[in-house]
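This report refers to the structure that appears directly beneath it.
When the chains are written out, they are named A, B and C in that same order, and each has its own residue count from 1.
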């Protein structure tokens, strides 16, 4: 941003306390998170938005509003422990189906992930409406195509998703490290091929009827 | 408000610092200035909104935002000396018009494509303003001339376009199959699906003008 | 029927109904397997896949005896589990190709564990503080002075929806053709069959045109063509005779004398 402010600018950068005030004003004025780059662009030459942000964040620790990071952007949000005061502001959110919630979680934890992979994990087809709903809420978006046969599109979660769930980044998803360590986020193919009893001969069926005489 | 909090409430009032936090959060999240009476009503029994408000006001003195009185209600406002920072936030983003987005979509999916071909696919004339707007945004540019009578210019999408939509190349655009899977497209089979516009005859345009005579 | 018999019949019916509800409640065979695995009351890593396979097959069999229609994927899974079970029970055949029963079982256990983990992750995610419910954004964003620069934006979704709209629009075209001015041969035939009984003597074909189809040229054309085609059909069936005195002369028809 400003490796050499003195050389680049004719004017001296404002004192850091002043920069803090500026960021405070800009972030207070905005509903949406503002990126560091945008903050810098609006501040006088030679300012160090990142440093000022660090100070400001400390200043708001324990206050009624907090400075939170969402991806590359920052925003003020009220402290969650005060939610009881906020009935008036509460917005009625659309109830998500269980399928939608699971699909969302799978996209968040496995991203970028293809539709086929989501279906493999859940063991059922993903309905069009589910993906559509999540796209519309802007919690997921299309990611890069996978460089595999058919070049399927992938899904990833958005900044709006992070903002909604108070996450700094997708790396901060609860339990992510443990899941990864346990190998539960791997993409493990079935050993060999998924050979169902190819000819579907009668054997399994007779086997079954014997079994069920309990 | 609460001359005798101890007598009125079974519970002890929260410490004044805590009351300050509450007011901070309420004023921050509220869509309108809030009166002291309303703040009190939302706070736990025994709280003294007026006193907490006075503390809070002092706390924000000299900061980037200030606590200001509007009528008999209170709200946060940017410190007037920082108004210059709000200038840049004057960037207003608007959605492209339907004509523009459709034209853009056709160029992206069919590039290089001539104006006549765009009109053929959309079934309506493309206004000069629409193309100019897209050119000005630098999302499209002129491509090679088509080696057909009249040598019409073609349009293609730009790097800036790919950048904006997070695409590596125009080939990364989700295909019809994926549009359908995402529920964006009716399940009906499409005539000729992604046939290049050049291969279609004039019929669609005439067919449509008839259509709209109803 | 004794009382005991009656009550057991009722119980059976209730059990059957409960099962229907259950089958509806599962999101596919993997979900059902995961639920069944809970009865083993062990860590998913220590689960007996053989036992689980037996539980699943028993469930499917019960559903079948109660004539509950199961979706195909439940039956596919049943077949696969029966196959897996045979592999687990029989000593490994060195000539047989493909993964061993143990490998397949381990993979299934891992799939169940992964699904369970995702369920828990989803629950943890939803239990987080959420915007608009637990924490809030600025309620009164400050209107920034003067709006000067307008950036025109669109999302990839907008772009795709626009394209989808155009393409879908195309596919609708054949279905919205204006059919008001078309009189079909089927309609004409229907009409002629009703009238032909009265046509004892030679009558001009044009008098058979349906009412209201004579004025507008395109309607008259369509009705004439359809009616003419219908008379040819009736003549072929031997019900009427046609006569025309010369090229472009009026065509007359009459009922074929018996």
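Assume a contact is a pair of C-beta atoms (placed from the backbone, for glycine too) under 8 Å apart; a residue touches a chain by one contact, two chains touch by 3 or more.
Remember, it's a predicted structure, so these values are computed and weren't measured experimentally.
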Checklist outcome for this item: Between A-C and B-C, more C-beta pairs in contact link A-C
Checklist outcome for this item: In terms of CA centroids, furthest away from subunit B sits chain C
Checklist outcome for this item: CA centroids of subunit A and subunit B: separation to the nearest Å works out as 19
Checklist entry - Taking each chain's centre as the mean position of its Cα atoms, how many Å separate subunit A from subunit C? => result 34
Checklist entry - So, what's the distance in Å between the C-alpha centres of subunit C and subunit B? => result 35
Checklist entry - Which subunit B residues touch at least two other chains? => result 25, 28-31, 76, 78, 86, 88-89, 166, 174, 182, 184
Checklist outcome for this item: Among all residues of subunit C, those touching at least two other chains are 136-139, 142, 144, 155-156
Item to check | Of subunit B, residues touching subunit C in the complex | outcome: 25, 28-33, 75-78, 83, 86-96, 98, 100-102, 104-106, 108-109, 121-123, 133, 137, 165-167, 173-174, 176, 179, 182, 184-186, 188-191, 204, 207-208, 210-211, 214
Next on the checklist: Please output the residues of subunit A touching subunit B within their complex, sorted ascending.
Outcome noted: 20-26, 28-30, 41-43, 62-65, 76, 78-79, 82, 85-86, 88-89, 115, 128-129, 131-132, 135, 142-145, 153
Item to check | subunit A-touching residues of subunit C, taken from the complex the two chains share | outcome: 27-31, 54, 57-58, 60-62, 73, 76, 78-80, 82-83, 85-86, 97-100, 103-104, 106-107, 110-111, 113-115, 117-122, 124-126, 128-139, 141-142, 144, 155-157
Item to check | Complex contacts: residues of subunit C adjacent to subunit B | outcome: 136-140, 142, 144-156, 158-173, 176, 178
